[in-house]
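Think of it as A, B, C and D in the order they're written, each chain with its own count starting at 1.
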Amino acid sequence: MIEQVPLNHALIVTTMMFFIGVYGFLTRKNLITMLISIELMLNAVNLNFVFFDKYLYPGTLEGHFFSLFIIAIAAAEAAVAIAIFINLYRNIRSIDVEEVDKMKY
Amino acid sequence: MNILIAHIAVPAITTLVMMFARTQKQVRAVAASGMTLQLLLSLILLYLFLQERAAGNEAVVLFTQSYFWYPSLGISFDIGVDGIAVAMILLTSIVIFTGIFASWEVEKLYKEFFISLIVLATGVYGFFVSLDLFVLFLFFELAVIPMYLLIGIWGSGPKEYAAMKLTLMLMGGSALLVVGILGVYFTADVEGLRTFNILALGQQHVPIEMQRIFFPMLFIGFGVIGALFPFHTWSPDGHSSAPTAVSMLHAGVLMKLGGYGCLKVAIFLLPEAANEMSWIFLILTSISVIYGALATVVQTDLKYINAYSSVSHCGLVLFAILMLNKTSSTGAVLQMISHGLMTALFFALIGMLYSRTKTRIITEMGGLMKVLPFLSVCYVIGGLASLGLPGLSGFVAEMTIFVGAFEHEDLFHRVATIIAVSSIVVTAVYILRVVGMLLMGPIKSEAYNNFPKAKWFEKIATISLITGILVIGLTPLWLSNMIRDSLGLIVDKLVLK
Amino acid sequence: MSFQYTIWILLLPFIAFVINGLGSGKIPGKISGWIATIAIGISTFLSYRTAFQYFTSSSREQVIAVKTTWLRFNDTLQIDLGILLDPISVMMLVVITTVSLVVFLYSQGYMKNESGYDRYFAFLSLFSFSMLGLVVATNLFQMYMFWELVGISSYLLIGFYYDKPTAVAAAKKAFIVTRFADLGFLIGILMVSFYAGTFDFEVLTRPESLQFSTAATFMGLSTITWALLLIFMGGAGKSAMFPLHIWLPDAMEGPTPVSALIHAATMVVAGVFLVARLFPLYYAYAPTALEVVAFIGAFTTLFAAVIACTQYDIKRVLAFSTMSQIGYMMLALGVSGYEGADGLGYTASLFHLFTHAFFKALLFLGAGAIIHAVHTNDIREMGGLRKHQPITHILFLIACLAIAGIPPFAGFFSKDEILSAVFANHPIYFGIAALVAGLTAFYMFRLYFIVFWGKATKYDQVPHESPAILLIPMILLAIGSTLAGFIPFGQFISSDGLPLASQINWPIAITSVILALTGIGIAWKFYKVESTSPDKVAKSFGTLYTSATKKFYIDELYILITKGIIFRLVAKPLAWFDRNVIDAFMNLLAATTNWISVQIREFQSGQVQKYAIIFISGVLIIVLSYIYVNR
Amino acid sequence: METSAILFYTIATIMIVFSLLAVTASKILRAAVFLLFALGGTAGIYFMVDYFFLAAVQLIVYAGGIVVLIIFSILLTSHIEEKMQKPDIWKIILTSIIGFAGATMSIHVITNHVFTPHADTGVVASMDVIGEKLMNYGDSGYVLPFEVISILLLAAMVGAIVVAKRNKPGSND
């Protein structure tokens, strides 16, 4: 079904998505929106795996499983991240990334 | 058991035993007995060494022992001593022995104090016995690090500043040393396994281009602790802030690691560069000698006076080493020992006087000869040794150096020598100035009459140091021969121009 | 014929020093004094025995009585400690032990009420030991060692009253000035030994056996000349030759017997002895250096004599007189030749050294007796003492006659020899020497008349004659001063070792006696009774007189150089430089490191996004460069 | 153009647009919702490549789990109406430059690289194939990562609870 689309185009889409994620990660101040950006990046990477799997090494399903595992890890990561955010919010009443610099020096 | 290993083991065991001591009395007793044992061991070592030599044992180093630590890198725990090392070990034993007695009344954290002091001494012993550059460096660091604690915790005045300064400058020297040692290790043209063994490295040849790079590094690296101008500034601050025993040990022994290292590592392993570049350092050391002496003349703090005069005297050590011949190098080692004893005596006495007068500024004191005759006479003897009175150790050392330095006929060496020689006048000036202001003249204050007389442990400390000074001063021949015989290997490598 | 026992001449005073030094405070003063005196007494006896034994044997060879290696420098140079006996060292042994014994005895009485009696005798014994070691040295370096020891014992004795600031300052000054001179001595020794390959006098006094390359020159003089000049500098320092004389007048702060022993009879002539010891070397290789010796000697003798005429401190007058007389000896050495009759100057110089020791010691001891009685050093506060101290008066008069060169006293003979030797060399030097002979007579009798005649001063406490313990030593010296001149000195001591038959050169002798009598006459006229004529004469000399009383401002010059220039302009700035430049540079290094790390620390801001920006930029740059490279 | 291609480009456009909106939206809840759309678009693409299971997981875990989690946490930490302050302009410019540079570089590499596609072997990611592979410990079996992930999830769960747990009053940590 996807075969009509050249791999290059598919990859360009994921690349754009990835760098949008990067942009978000670097500009957003709110930690939760930064997490959103990270999810975008992960998503782009997942797509890449799937595309490579489908176009270049069909049948092995390696990309498929990789994506599967990444989704699992992303879930775990999001859970921990949000736990940290909440704890942080409880402590300093803010989840602004610029105020979280207690660990400097 | 090998007697050299015993030299490292006794202090180590002493510290261990000390951990279980509770009261100040017990700690002192353990420390004193341990170091007395150590002094006896060193005397036995000297006896055995002379015995072996008399029996015709011509080996370069005696009492050797070798344990591999890390064979693939050629690191092994090699120990052995030649005449120079034996002399230095004996010096160390005397100084640490007296140091224990000089710090008899330390109240604050006494257990930790003695432990650090003896750990420091352990490092020094290890340095003198090891034949492996890596191990040598390890012990060198072991000797330098406790200094930070000793000055930082038990010091006086701006002690944190002084401790930091001293440690940082010595560490800077160490950094150069590491590079230099590794440089020699990697560039020596060796077949098969590389080695850190000094004697083995001595038989290998380092390319001259590499020597030119690594010689200054090693020389300055060791020179920093030997108070080479202009890297001497840690000495006045460090010594004036350090507690008595630490000043004694540091000026008496640790500064000697510099001269010893310069001679047995820098010059021995890199002889051609030494020949080529000695003039640069000769200029620096000549400056050191006269500059230290002149700077002493105007100081008013007793410890500063002694620190600057140490700069001058240790400059003379390096100066003599750089003359690169047997006579002057013998003189250098003699000067190290002589200065070690003298300066330890001075610092001990300064500590004892300070505990009574509560000041170290000479203009605030006077007439001590009347109230503290014993300590004053000891101070005068130390002063006379320092200004090179015949019959005391300083004379022997200085004259050997000067005769050695005069073996060079060219104008440059002549001028450098004459500059160095002229320091004896300046030395006389500052010694007599101190003696005149501090000990002579009318008694400065009524309170002086209530000063306690010298206590027994103070007497032990000063008398043992003065005995050393007198023995060397009156019968120098055996010592000078012992040192001289060990220098052959080093000096023969120096191709004289 | 063995001279082994001579070692005890040295060891006995040393043992006395050790006993008195270690037992300080434990041995009662009286006993410590006797220990030292007995030790030096035995030494004296042994010295006389040595002298007898040595001079009765026909040869005047050098004898090495004892010798042991003390320190070896390299394959050729080594320091031996030993005893070298030759005419001059044996003569010096006699002089030193005799004067020492006399002074030790005298001190028993003189120092009776001082505290630190044991310390005094310890130092005095140390001095005798070092001085004896100096004269019997077998080599230059041994001589240098004892030279230094002599210096330090002099320091200790001048500073004997260590709670008196002037004494401390004087001691310090004496040591430092001589130390400075010794610097020259040491460098000279090093140079000589480098070229000669030995320190031994056995070799050095036989110049024919040495090979000096005279080719090497520095500033127009050969290196060996420089070396010998530097050695002479050492001698000049100890012997208080101009311009290194400034310590000697101040050294009079010490106890008077010390001044008699050290600063009149023995230590200060060490310089003369040194030049005499190396005389063959000077003569053979460095005639220029000898000319310098003669010049310095001539200048000092006149210089000191002029100053002596203006001083009012009894001991300072004697000190300048000592300088003047040593200048005389130096002058004689400097003009001396080597062989046969040419060597008269050498003999004369040492003869004068010998006789001078007696009468100058006597003068000092006499001065001590006077000071003891009147408790002041200032001659203006004395007068008419001949009534109070008749014996001292006679003894002092003998000494004055001896130093003035009136026959038949000792000074006459030796001075006559010097004058003949100088006359043979150079008329200007002779003129100076003759003038000084007159001046000497004048200032000595000025002293004599003021003190013993003059106005009858009122004393708080009537001065009384000294006790026998002070008088007996002085009488011994007076005998020496009277008779020493009759010793046929040239028979024993001459530059080339062969007996020198010296006769009195009558024309010169008569001249000098006339000059001396003139001097005495003027002094008699001026000072026998109080008169205003001295002041008038002094006024007519104007600045010359005032500068002479101020010792020609040499002290001030020295203070300017040491305090003003070396201390203030060199040492102080140097110490400042060390603290504020070198140390500051090290601190700057540390501060810079600190500053850089503070700056770098900003990277570690804790701002995650900044880290991320840097991280991503880094990755981009790496990838970009990778692409670029693999294009 | 084939329908499938049209479908793909449509989904791609949706995805990119919503991604952009997600990172620029000034209200945080909207950003989460836009993220949901972008993730949904991804699931659509998974359907297009016939990975139905993956698509299902994507929808359940991402859209159903993570986004809900995010929204909850937003509700816990912010006001819904609260507008986020704009990032300062320099930051935006700098980041845009970095983003553009990165994207350009990557796209440059992608377009210039010649991929060699392999023919489809006809293996379908059906449930039984997936299950077999996940539980297989032989070649091309994923039982080890599977187990590791499961432990990781457990650990994350415990960790999240511990971190987020409200401290008892009076206790120090």
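The rule we apply is simple: contacts are C-beta pairs under 8 Å (C-beta built on N, C-alpha and C of every residue); 3 or more make two chains touch, one makes a residue touch a chain.
Values in this document were obtained by computation on a predicted structure and should not be read as measured data.
Contact count check for C-D and B-C (C-beta pairs in contact): higher for B-C.
Taking the mean of the C-alpha atoms as each chain's centre, chain C and chain D sit 102 Å apart.
Computed centre separation for the pair chain B/chain C is 36 angstrom, with centres defined by C-alpha atoms. Rounded to a whole number, the gap between the C-alpha centres of chain A and chain D is 5 angstrom. A straight line joining the Cα centres of chain B and chain D is 69 Å long. Residue positions 22, 26-27 of chain A are each in touch with at least two other chains.
Shared contact sites, meaning residues of chain D that touch two or more other chains, fall at 91, 95, 98, 102. Here, these are the chain pairs in contact: A-C, A-D, B-C, C-D. Residues 1-5, 7-13, 15-24, 26-30, 32-33, 35-37, 39-40, 43, 46-47, 50-51, 54-62, 64-65, 67-69, 71-80, 82-87, 89-90, 95 of chain A are the ones touching chain D in the complex.
Across the complex, chain B meets chain C through its residues 165, 168-169, 230, 233-234, 236-237, 291, 294-295, 297-299, 308, 326-327, 330, 367, 369-370, 373, 384, 387-391, 395-396, 399-400, 402-404, 406-407, 409, 417-418, 421-422, 424-425, 428-429, 432-433, 436, 439-443, 476-477, 480-481, 484. The touching residues of chain D, counted against chain A in their complex, run 1-2, 4-5, 8-9, 12, 15-16, 19-20, 22-24, 28, 31-32, 35, 38-39, 42, 45-46, 48-51, 53-54, 57-58, 61-62, 65-66, 69-70, 72-74, 76-78, 84-85, 87, 91-92, 95-96, 98-100, 102-103, 106-107, 110-111, 115-123, 125, 129-130, 133-134, 140, 142, 145-146, 149, 152-153, 155-157, 159-161, 163-164, 166. Touching chain A in their complex are the following residues of chain C: 601, 604-609, 612-613, 616.
Chain contact summary for the complex, chain A toward chain C: residues 22, 25-27, 97-98, 100-105.
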